[in-house]
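Next come two complexes built around chain A: one with chain B, the other with chain C.
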Partner chain A sequence: MAKINESLFSAEGLDKRLNLTQFNKVMMTEYWIPKDINFLWAMGVVLASTFMILIVSGIFLMMYYKPDTALAFDSVNYTIMQEVGFGWLFRHMHGVAASVVFLIIYIHMFTGLYYGSYKKGREMIWISGMLLFVTFSAAGFSGYMLPWGQMSYWAAAVITNLFSGGSLHADFLVEWIRGGYSVGDATLTRFFMLHVFLMPIIILGIIVLHFYTLRIPHVNNQESDDIDFDAEAEKYLAGNKKESKVIPFWPVFLSKDFAILGAFLIFYFYLVFFNYEFAMDPVNFDPADPMVTPAHIYPEWYFLWSYEVLRGFFFDIAGMSAMDIGLIAFAFAQVIFMIVPFIDRDPDILPAFKRPRFNIWFWVLMFDLVVLSVYGKLPPTGMNAWIGFFATLTFLGLFAIFPFITKADAKARGAL
Partner chain B sequence: MSNDTNRRDFLGMSFAAVAAVGGAASLIGMKQAWDPLPSVLAAGSTVVDLKNAEPGKPSMATWRGKPIFILKKTADMPKDGRDLVIGSDHFTLVIGLCTHLGCIPAWKKTKWKCACHGGEFDSSGRNIFGPPPRPFDIPPFKVDGTVVTLGAETGPEYAKMMKA
Partner chain C sequence: MREFKILGVLVFFTALLYIGVEPFAHSQMHAHVEAPEYDFKDADGVDKALVGNAQNGAALVQANCIACHSITKAGFAPMMDDATSAASYGVVPPDLSTAGTMYDPHFLAAFIKNPAKATKTEHKFEDGAVHPMPSYDWMKPQEIADMVAYLKSIAPKTMTNKEVFNDACNRCHSMKYDGMKIITDGPNGVRKEGVKARSDVSKYMGKTPPDLSQYIRSRSESYLHEFINDPQKHLAGTAMPRVGLTEKAENQVIKYMEEIGEVKKPEREALAPKFLAYLLIFTIFAFLWKAKIWREVH
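Let's turn to the complex of A and B:
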């Protein structure tokens, strides 16, 4: 180690010890972002900020919340809502942010899908992002249990029951996860631990990984133009800012991100103050009762599409029980997005508007996800059940034809 | 061991062995920490007297935090091998959780209907419509006169019903 004479309490001294100048260049001022992007590229920063809101509001809720079946409901609905100063605000911020974060995750994810930002060098970004989707889902589910209302209880009962594996009848696994014969005190306390400690720590770790996987391949752009970042950076640093195709992450890119973040926060706080009901299901204001199932139970909106895939098959086919087919389809839906980079057989990185068949495929998928989400909330009777069935078939079929569609696009372009 | 194996490799492999043993042992500990507690397991029995059951009107008991359906069958309800027979009376005695995903179905005149995903069960607890993969589960029990004890111990009636 070189001998350092400068005081620790001086700019050069600190820099000599930590090399902040270099770190700042790599992570901020010489981290190059293409100019040819739009507001959809700001969703990463919006998500990071929403996650911070969840952490801060969660810390304030945790100081009064009691993870005990006898106390949980009142600690939320009486202590936090009525007694704690601004407790209602922290609860509504937490609930609304938990819902909105999924809206932004979906926008972020389908932006990546639309612009082909998941393939050929960017697979790790996509995979770490999908891991974040899975861990956010786990955090959302475990948090939903905590107010210990009727929806909390029955969501916990139904979701833990999925682990019995249908005809496998693996009750021992369900009882192990619950820590009892039914969802009870042990279940609540362990899901509290998962929600306030293990899941946030894992999510933070994967967020760091997600940022890191992006640093080397760089962000994609609207035309999927293959940019020589070194050459463009040289132009920028030489003062040729207009000609260069890139801008530095800080301060240029982030300043625009923050403008969009500002707009998002106004929308978010509008929801928090004036339209929070969508994140506060009225059924969950009845205390948990293991002896009464609510007349109609459904998950939060962001799980509706996969819930509908789970129950889309409502009749037995060729000796297989409806429940087993549903579970297999559900498992398929959970992992299929993860492997999209590997079943895309088009060798080029291109946005959907330059891949005609993929473009149609993409918008049919969006439409199908909306249909699944709408019918996931409706009671599964009569016509609804059939629409759910065909929407589920469409979802599975879309991924079955995906390799062929992407290959056909490449052939038509002459790339294969 | 090959000639290329040196002392550093030996140290590495020794550590891997220690870590594997410790890792496996800690997994067992962590698995058991999540097992249901003895107090939860001990609170696992419930006593129900069927003497005053009304025919055609199911009643509910709680066993291990789960609802138990008890239905004394009327004369025109079909008999079933899964019935609990006490004297000349036939009873349906089942865990009242839909075998699909565990919601509690509601009694509608002649059958149980589940609001969650539309599953239906007849008066004997057999699945007759929708996604449930099997009839209602039967809790382990033993009978003494008209008194049924739900829990770990089982009597001959339970063995007979499980066969059907």
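Let's turn to the complex of A and C:
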């Protein structure tokens, strides 16, 4: 180790010990981002900020929340909402952010899909991002149980029951997850642990990984132009800022992010104050009652599309029970986005508007996901069941043809 | 411009999804019922043209009602304590001091004539079971009008929201969050105390009627109005009686539910503009700063 004589308590001394100048260059002032981007590129910073809102509001809520089936409901709806100063604000912020964060995750994810930012060097960004989607889902589900309202209880009962695997009858697994034969106090306390400790720690770790996977391959751009980052960076540093195709993360990229973050926060706080029922379901303001099943049980909006894939098959086919087929389709839906980089057979990185067949595929998928979400909430009876069934088939079919469509695009372009 | 086009696509899909899973889905899930009707036209009361005589009514009420009902306002104390009363009748008969204020007179007349029919709970009283209050349909319409006139004459002109809730709802429904205290006594005992229902009616109603502390959040205001006005519309077969509240009294009940269940609503509404104004200023400055920085690179 090189001996350092400068005092720790001087800028120079601190820099010599921690190499902050270099660190600042690598992470901020010489972390190069393409210039040709639009506001969709700000979603990462919007997500990081929303996650911070969740952490901070969650810490305040945890000071008064009581993970006990006899106390949970009143600790949330009375103590936090009525007695604690601004407790209602933190609860609304937490509940709405937990819902809005998924809107931004979906935008972020489909931006990556649209611009082809998941392949040929960017696979790790995509995979770590999908892991974040999975862990956020787990955090969302475990958190939804905590207020111990009717929807908390019944969603927990329905979802934990899925782990029995239909006709596999893995009831021991369901029991192990619940900590009992039915959803009860043991279930609540363990999901509390998952929600406030294990999931946040895992998420924080994967966020760091996600940022790291991004640093080397760099962010994609609107035209999926293959940029020589070193050459462009040299231009920028030499003062040819206008000609260079890149900008530094700080301050240029972040200045745009902050502006968009501001606009997002106006939208978010409007929801916090005026339109929160989509995120804080009225049914959950009835205390949990194992003896009374609510008329309609549905998950939060961001799980609806996969929930509909689960129940889309509502009749037995060739001796296989509807439940089993549904579970297989559901499992397929959970992993299929993860492996998109490997079933895309187009060797080029291009945005959808330069891949005609993929472009159609993408927008059909968007509409199908909306249809699945809407019919995932509606009662699955009569016509609704059939629309849900065909939307599920469309979803599965889209991924079945995905390798061929991507290959056909490449062939038509002469790349294969 | 490209960014606005992208924003348009984003707004379109977000709005489509929102409308589909919120207003549209909820309109499909919840039955649409007729609007509340405060004249109680279907109630079998007495001819509205009959003018009641409060003095005659006083004599009739004393002869027919106070054996079971107290009217503390007029000096008639309860005959028995609540427990004995509940054991004798199955349910504690209500005090009649405020009936004339809260209940619609036409409904009140129909109720006196046939309580089960007026409250739409006849399905509860089959196979020999009878409503604890006998029907007075043997009386002359004029006599019933007189009794209603008497009840109106002794009733207070105005009642607070809480008084209406206490007299109209609190006999069956508790309101825990009104003055709730979470009391921990002993090593593992936790008691939560607030306004309790005035009697244990679980036996009479079939189950303990729900606590209403959070009903202002769990039910929409229009649902509450429709339900209180006529519970059978939304919940056919429910044991909850139609109580015949006037529109004003019903509004007071819901206002009280909001005062207890949504204590922080005024604070929320006062804080919102400040928050949004701050963020608007932040965003304007952020865009100005962005424009300044990007001028160098574009």
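To be clear about the criterion, the second predicted complex is superposed on the first by the 416 of 416 C-alpha atoms of A that agree within 3 Å, B and C clash if a C-alpha of one lies under 4 Å from a C-alpha of the other, contacts with A are read in each partner's own complex, and residues count from 1 in each chain.
Throughout what follows, a contact is a pair of C-beta atoms (placed from the backbone, for glycine too) under 8 Å apart; a residue touches a chain by one contact, two chains touch by 3 or more.
Given the structure is predicted, the values throughout are model-derived calculations rather than measurements.
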Overlay on chain A: chain C relative to chain B, clash or fit: fit
With the two complexes superposed on chain A, say which partner A:Ile328 touches: chain B (first), chain C (second), both, or neither. neither
Who does A:His296 touch here: chain B (first), chain C (second), both, or neither? both
For A:Gly180, is the partner it touches chain B (first), chain C (second), both, or none of the two (neither)? first
Return the chain, chain B or chain C, that is in touch with more residues of chain A. C
Is A:Leu304 touching the first partner chain B, the second partner chain C, both, or neither of them? second
Between chain B (first) and chain C (second), which, if any, makes contact with A:Val283: first, second, both or neither? second
Touching partner for A:Phe269 - first (chain B), second (chain C), both, neither: second
Report the closest approach of chain B and chain C over their C-alpha atoms in the superposed model, as a whole number of Å. 11
Go through chain A and flag every residue that touches chain B in one model and chain C in the other. 295-296, 379
Help me check something: in the complex, which residues belonging to chain A touch chain C? 35, 38-40, 70-71, 74, 77-79, 81-82, 88-89, 92, 103, 107, 222, 241-242, 244, 247, 251-252, 255-256, 258-259, 261-263, 265-266, 269-270, 273-274, 277-278, 282-287, 295-296, 301, 304, 366, 370, 373-374, 377-379
Mind listing the chain A positions that touch chain B in their complex? 154, 157-158, 161-162, 166-167, 169, 175-184, 186, 190, 290-297, 311, 313-314, 321-324, 326, 379-381, 385
Chain C residues touching chain A in their complex are 2-3, 6-7, 10, 13-14, 16-18, 20-22, 24-25, 28-29, 176-177, 180, 182, 190, 192, 210-211, 213-215, 217-220, 263-264, 267-269, 271-272, 275-276, 279-280, 282-283, 286-287, 289-290, 293-294, 296-298
Inside the complex, what are the residues of chain B that reach chain A? 31, 34-37, 40, 44, 60, 62, 64-67, 100-104, 115-118, 130-134
